[in-house]
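Chain naming follows the written order as A, B, C, D, E and F, and within any one chain the residues start at number 1.
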Amino acid sequence: MPAATTTELERLLDDDVPHGDLTTEALGIGGEAGVMDFFARDPMVLALAEDAAAILRLCGCEVEQLASSGERLAAGAPILRAHGAASGLLRGWKVAQTLIEIWSGVATATREIVEAARAVSPGIAIACTRKNTPGTKRFAVAAVKAGGAVMHRLGLSETILVFGEHRAFLDEPLAATVARLRSAAPEKKLITEVAAIDTALAAAEAGFDVLQLEKFTPPDVATLIQRLAATPHHPVIAVAGGVNASNAAAYAQAGAQVLVTSSPYMAKPRDVQVKIRRDTK
Amino acid sequence: MPAATTTELERLLDDDVPHGDLTTEALGIGGEAGVMDFFARDPMVLALAEDAAAILRLCGCEVEQLASSGERLAAGAPILRAHGAASGLLRGWKVAQTLIEIWSGVATATREIVEAARAVSPGIAIACTRKNTPGTKRFAVAAVKAGGAVMHRLGLSETILVFGEHRAFLDEPLAATVARLRSAAPEKKLITEVAAIDTALAAAEAGFDVLQLEKFTPPDVATLIQRLAATPHHPVIAVAGGVNASNAAAYAQAGAQVLVTSSPYMAKPRDVQVKIRRDTK
Amino acid sequence: MPAATTTELERLLDDDVPHGDLTTEALGIGGEAGVMDFFARDPMVLALAEDAAAILRLCGCEVEQLASSGERLAAGAPILRAHGAASGLLRGWKVAQTLIEIWSGVATATREIVEAARAVSPGIAIACTRKNTPGTKRFAVAAVKAGGAVMHRLGLSETILVFGEHRAFLDEPLAATVARLRSAAPEKKLITEVAAIDTALAAAEAGFDVLQLEKFTPPDVATLIQRLAATPHHPVIAVAGGVNASNAAAYAQAGAQVLVTSSPYMAKPRDVQVKIRRDTK
Amino acid sequence: MPAATTTELERLLDDDVPHGDLTTEALGIGGEAGVMDFFARDPMVLALAEDAAAILRLCGCEVEQLASSGERLAAGAPILRAHGAASGLLRGWKVAQTLIEIWSGVATATREIVEAARAVSPGIAIACTRKNTPGTKRFAVAAVKAGGAVMHRLGLSETILVFGEHRAFLDEPLAATVARLRSAAPEKKLITEVAAIDTALAAAEAGFDVLQLEKFTPPDVATLIQRLAATPHHPVIAVAGGVNASNAAAYAQAGAQVLVTSSPYMAKPRDVQVKIRRDTK
Amino acid sequence: MPAATTTELERLLDDDVPHGDLTTEALGIGGEAGVMDFFARDPMVLALAEDAAAILRLCGCEVEQLASSGERLAAGAPILRAHGAASGLLRGWKVAQTLIEIWSGVATATREIVEAARAVSPGIAIACTRKNTPGTKRFAVAAVKAGGAVMHRLGLSETILVFGEHRAFLDEPLAATVARLRSAAPEKKLITEVAAIDTALAAAEAGFDVLQLEKFTPPDVATLIQRLAATPHHPVIAVAGGVNASNAAAYAQAGAQVLVTSSPYMAKPRDVQVKIRRDTK
Amino acid sequence: MPAATTTELERLLDDDVPHGDLTTEALGIGGEAGVMDFFARDPMVLALAEDAAAILRLCGCEVEQLASSGERLAAGAPILRAHGAASGLLRGWKVAQTLIEIWSGVATATREIVEAARAVSPGIAIACTRKNTPGTKRFAVAAVKAGGAVMHRLGLSETILVFGEHRAFLDEPLAATVARLRSAAPEKKLITEVAAIDTALAAAEAGFDVLQLEKFTPPDVATLIQRLAATPHHPVIAVAGGVNASNAAAYAQAGAQVLVTSSPYMAKPRDVQVKIRRDTK
């Protein structure tokens, strides 16, 4: 299933081709039969391939899906093949290609962090933030999942995450805050961001379920975990702020249970090679 | 003016906060008065600041716009200040911040190429491709313009650009193609992508107005221009494929009149610092 | 702030008045100045009053908001007053009125359960299901919150809730399922629906954070809690299936921490009295 | 044919499952083949079954429609069967089920009034008001029709219905109003709401085509009809305000030709039983 | 009030200016202050002026509305004046101008028919068909009303109009059809299209409320009315098919009570003169 | 391929049939099988036939497309045949018919100008303006292309066209303007509107690529071309303002290379005859 609705996929196409393909029409080649192949140019974790296929189907093409989102592809591996009129192939080409390229970049970078961390700590979770490009959440979530991670939070409506920016409006002991939140949201874990070991310990003591450690070094993470071990409080330890593939293993080693990261959203797109030729059959 | 419509800005907010801000509601702090300031953490060319302000206004805040899209900001420079209920500030915060961060990254990277090239060749144009993240064209175009560049093409409906993928469906001399296109689109420049000096010369002779040189080295660009000088054909020379801030000057020096690039879309976001505090006035 | 976007409120109006108000136009009275008052006819917990006001503002009226969503109103209490042309008042009247009536019905019924339960157990939470009329989630969530409850889940994307229908596709010990879920969703509570005391105990032992007891009687709830007290497992106890205002206290008394209910969605609308008169000032 | 457009049905699904089904994905069961059956748990007049089937098809399922909207079903009667991947079945399940449950409740309650009234007066019409939940008109109209009734008015744009609220802005004899309306809307029946026998007689004499009697008792209806019989005016007699299944026969007996009612919108949903199992074929 | 929603007006602008005004931006004049005046170049009945003003306001301009839709304007009469940045004025200019020009053409042509007919028969109604350009109903209805006419029907959902195309699927006496329709739609007039005097008489006898005479000559209309006068049946007589300003009086003279016409939709646009100048204040 | 998206076509249908087809439902004939044929009543150049077919498919009909948009049809030629339930045929009938009628009118009028001009000057281009009815650009562009013309500009975002209204905000020599535009938009032709021979010559000398001659007579066009021949400047000569089928040949004869026209948008619709009958097979 594509991640996006038909309405959304039509909108993507429409953004790029609102009033027909001027070049193809001026050349008068739209009616020729053609074949278009998508290949991975570099190794990649594939994402949004089902949406790309759906876009080409909206252009009137028949599409064979040759690989699925979430698969790791070697360089040269086929992704999909589309048959159809040149008008359809040339219309959907770049939108379909770009969609796969950009989001496979995100999926690949996500997978890199997942694998780096799980090599050290098999049960660790990687959670991507909501700092995707505004307007692309549908695709961002799909790419994150293709990469093997989860969403830290989809938005503001479904999680309890207390920042310093919230505490600026509060005048009460932390434990009072936790008690109020527990009653207000008994089916949610209570998460709070902390920026130092002492505040982390205080948050644990106050009863938060998850501590999101902001810009802790791996040694600080280890220290915190050691100190928590001596207490009756065993919150989930999530680290955030600057987590990426190069330090994921160190954080995993330090004992973090969740790595929260925005870094995959900055990944370079992965190249998809496209070959278009006349269909001579 | 924001680049996006009210409907689109509402959709961005809705993607992030479809059913209220659970944490703020559970904390019961929504009614407190607050002030939120956005600053450039690093130097940046600002983009989408008007859209960010419009988002905060949709959240019920009063916003002072302290810098405009397209401006170059020093580290620490103020961008905007919003006054309003904590519920409104906390609701619009991240969407507004992320919008500026990501697209100011694109604008800043664009500006870097523009300045590198214009230092050598003041009249050169930088044109960004349509390889932006699908679904974000509105913002991509605004960021490209904020960076000082133009769009190479908005999509397929408004330019004539002949690729090899089109020629695969044609069996005629290039001059015949040009003649047909000239008659079909007399108000458009005819552009074609070429991948070698010989095909470039042939395309010039056939009458194309703009040659888009795909992955030429700067010396090859210079050679082509020298060889064209000896002919009656003087097409606009655009270079594409791997153009970025590090080679823009070399291409400009070689005589290119247009640099076509997708590289700004891969830019790292520029950090925006956000400070939220109670409004004690 | 209204719960709905401008686009959505325009759509509500448009559903009712797509091409003008035929009667008012045929009568030729649209230009007369008028005043429209909304009152609670019966006692109610008010909901969606801000959206109703926004609808009337879209009709060109000036609106004074005289009560806020979430407030308990006595019979006869004023809700809002709108001034404007008869065309605007008569256009927005019924949509605004019906919106308040239906969702205040839901808010009032929600509040009734909340109060019945909290009289016995002050920290208990009432959580409404997602069985609202499809297409009305925005309003349903707002009404539930106005009534003092929370949403059990907004939909399928943000909670882990294992039903028997999921287990039909699984062949593994429950503890293995929990271990996999814990790793996949470390920032979420793991919830499962159980229909008997034994399966509830097994689910607790397997490690679920929340047991959603399906159609348990209050005595069965008490029995379960007593039996859990003898174990090291202390999941949150949520009851679901037939919970309503008449049995909420009993479930609270039995020790449930969360009452999950769809019953407020079946509430009768609360009457809003509307008076329209010429504006003689 | 579904009552709703594809765009609308996608929106319903999207409201419930904007970013995938977290539980099913975390369990890793999405790819298993399954079968889902919908049955009427209680007797019902079925509504929106075609839309429910269309929703499941949007989820990638194959659906056999086993009963049609408008049909009266006995308890246990099959409604539809869907085959597909567990991911698709579990995704569409609740939205499809809730859509049928709520609107079959409306259709069943509508049918009850229709049958009560027609048992006495076979040609009588039941007309439902526009007081449906804002935003659900498409479904409300379909359910009303499935129940055997008609819409009193779809909205303000297509009928002439004069309320006291209009007359507050008029200063002219009623006959003058009728003359102006007749000329303005010669292809429409002129309807007016009246609240007493005298005003009803006056409205008839002024020339209205339909009298909508607001909160008349059945004896008052009979009295009015008797008194009208002695005049040359024979408007259609519609009764409104408190009409429901328990008094429909009495109003029919009294001679009303149209029963205008909002009561079906307050009907309890009709339970649909859903069974999901592995597809072992 | 504009006839269109904000969402729709944004869409109109977006159709024309999806990614900024390239010429104005390239010229670098967007920030200059300007004034733009709209005048009627020829006499016209104005339409959609409120929507045009709303479009200019969406472009950031301040607008003085100098004439209202429905007004008859002499050549040279002012319509509106907008102040704002050149970027805003030049952005909204043509969409606002074209909207007024095209729909004032329709309103003017409508008014011509209304006046021709009413000169002869003051109480006659002019009803425009639904044969407007698909996708423009909102504007078409507004222009028809500005011209002084009504809509014959808004669409298929709110009127009973029996064509021969319906009768092709029926095998019953016309009176049986009328009886069934009467019971199904007691609050609607029953309309049928007839193409000859005999079938018109039969339809009247069967009980239709309105006869829509398809392509009758005025003498045939008169003959029919004369023959009906000798019967107890007095349906409303509407004429359709080729009705326009040149024959409207003749049809009115012949006794028609409603003239149904599509001809205004083919009217030539009315020229609006636009003057733009620097704002030198 | 239809020109419009599914979403748009659903919206067209919805505009006309938001809540079902009241007449067909009241008659109870919806389930009858029928056949509907569309024929050209008069000769026409067909347009939007693929969209009409898609609309009928959305109504559940099977459609055979018997002619393609862009084809010239003789009177009586078949366009399409639809099989399906009467409910589907009657639902889509008028929207599909009107769509073809109106836009085939535009295509036919466009073709007339194309043929008149090309009879004299085979390589001449006809370019239609953006003065289509706001909200119908998708269809207008498709009809213009079906007629054999091109779009002069799709909107403001993709062409450089300098009007006097722009020059009102400029204080510089024309050559300076051209130099700035050339640098800003090196891949675009620079177009300017001129209203007299002298200003045309000045614009050519300043370096514009295309002169759009506003309301020149054919002799003036010829004179200008003659005078330009004596200069080194050879801009494309486009004529605009009052161009239509009766003067197209004269302008072509005078040497214009592009005829810019809005006149096809005012064309009368071309009649499509629709026959609906029971399907007796």
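Heads up, the rule we're going with is that contacts are C-beta pairs under 8 Å (C-beta built on N, C-alpha and C of every residue); 3 or more make two chains touch, one makes a residue touch a chain.
This is a predicted model, so every value here is computed, not measured.
**Student:** Taking each chain's centre as the mean of its CA atoms, which one is most distant from chain A?
**Tutor:** Following the centroid criterion, the farthest chain would be E.
**Student:** More than half of A-F's contact pairs recur, by residue number, in one of C-D, D-F or E-F. Which one?
**Tutor:** Among C-D, D-F or E-F, the interface that shares over half of its contact pairs with A-F is D-F.
**Student:** Quick one: chain B and chain C, Cα centre-to-centre, how many Å?
**Tutor:** Roughly 43 Å, centre to centre.
**Student:** Give, as an integer number of Å, the spacing between the C-alpha centres of chain F and chain C.
**Tutor:** 51
**Student:** Indicate the whole-number Å distance between the mean C-alpha point of chain D and the mean C-alpha point of chain E.
**Tutor:** Chain D and chain E have C-alpha centres separated by 31 Å.
**Student:** I need the residues of chain A touching at least two other chains; which ones are they?
**Tutor:** Correct list: 6-7, 18-20, 25, 137, 154, 157-159, 184-185, 188.
**Student:** State the interface residues of chain D toward chain E in the complex, per the touch definition above.
**Tutor:** By the definition above, chain D touches chain E via 123-125, 127, 150, 152-154, 157-159, 182-189, 191, 210, 236, 238, 257-258.
**Student:** What part of chain B is in contact with chain C in the complex they form?
**Tutor:** Its residues touching chain C are 6-7, 10, 13-14, 18-20, 25, 59-60, 87-88.
**Student:** So in the complex, which bits of chain C are touching chain B?
**Tutor:** Against chain B, chain C makes touches at 1, 3, 5-7, 137-138, 141-142, 145, 151, 154.
**Student:** List the residues on chain A that touch chain B in their complex, please.
**Tutor:** 8, 11-12, 15-29, 32, 34, 86, 90-91, 93-95, 98-99, 101-102, 130-137, 139, 155-162, 165-166, 168-170, 177, 180-181, 184-185, 188, 266, 268-269, 274, 276-278
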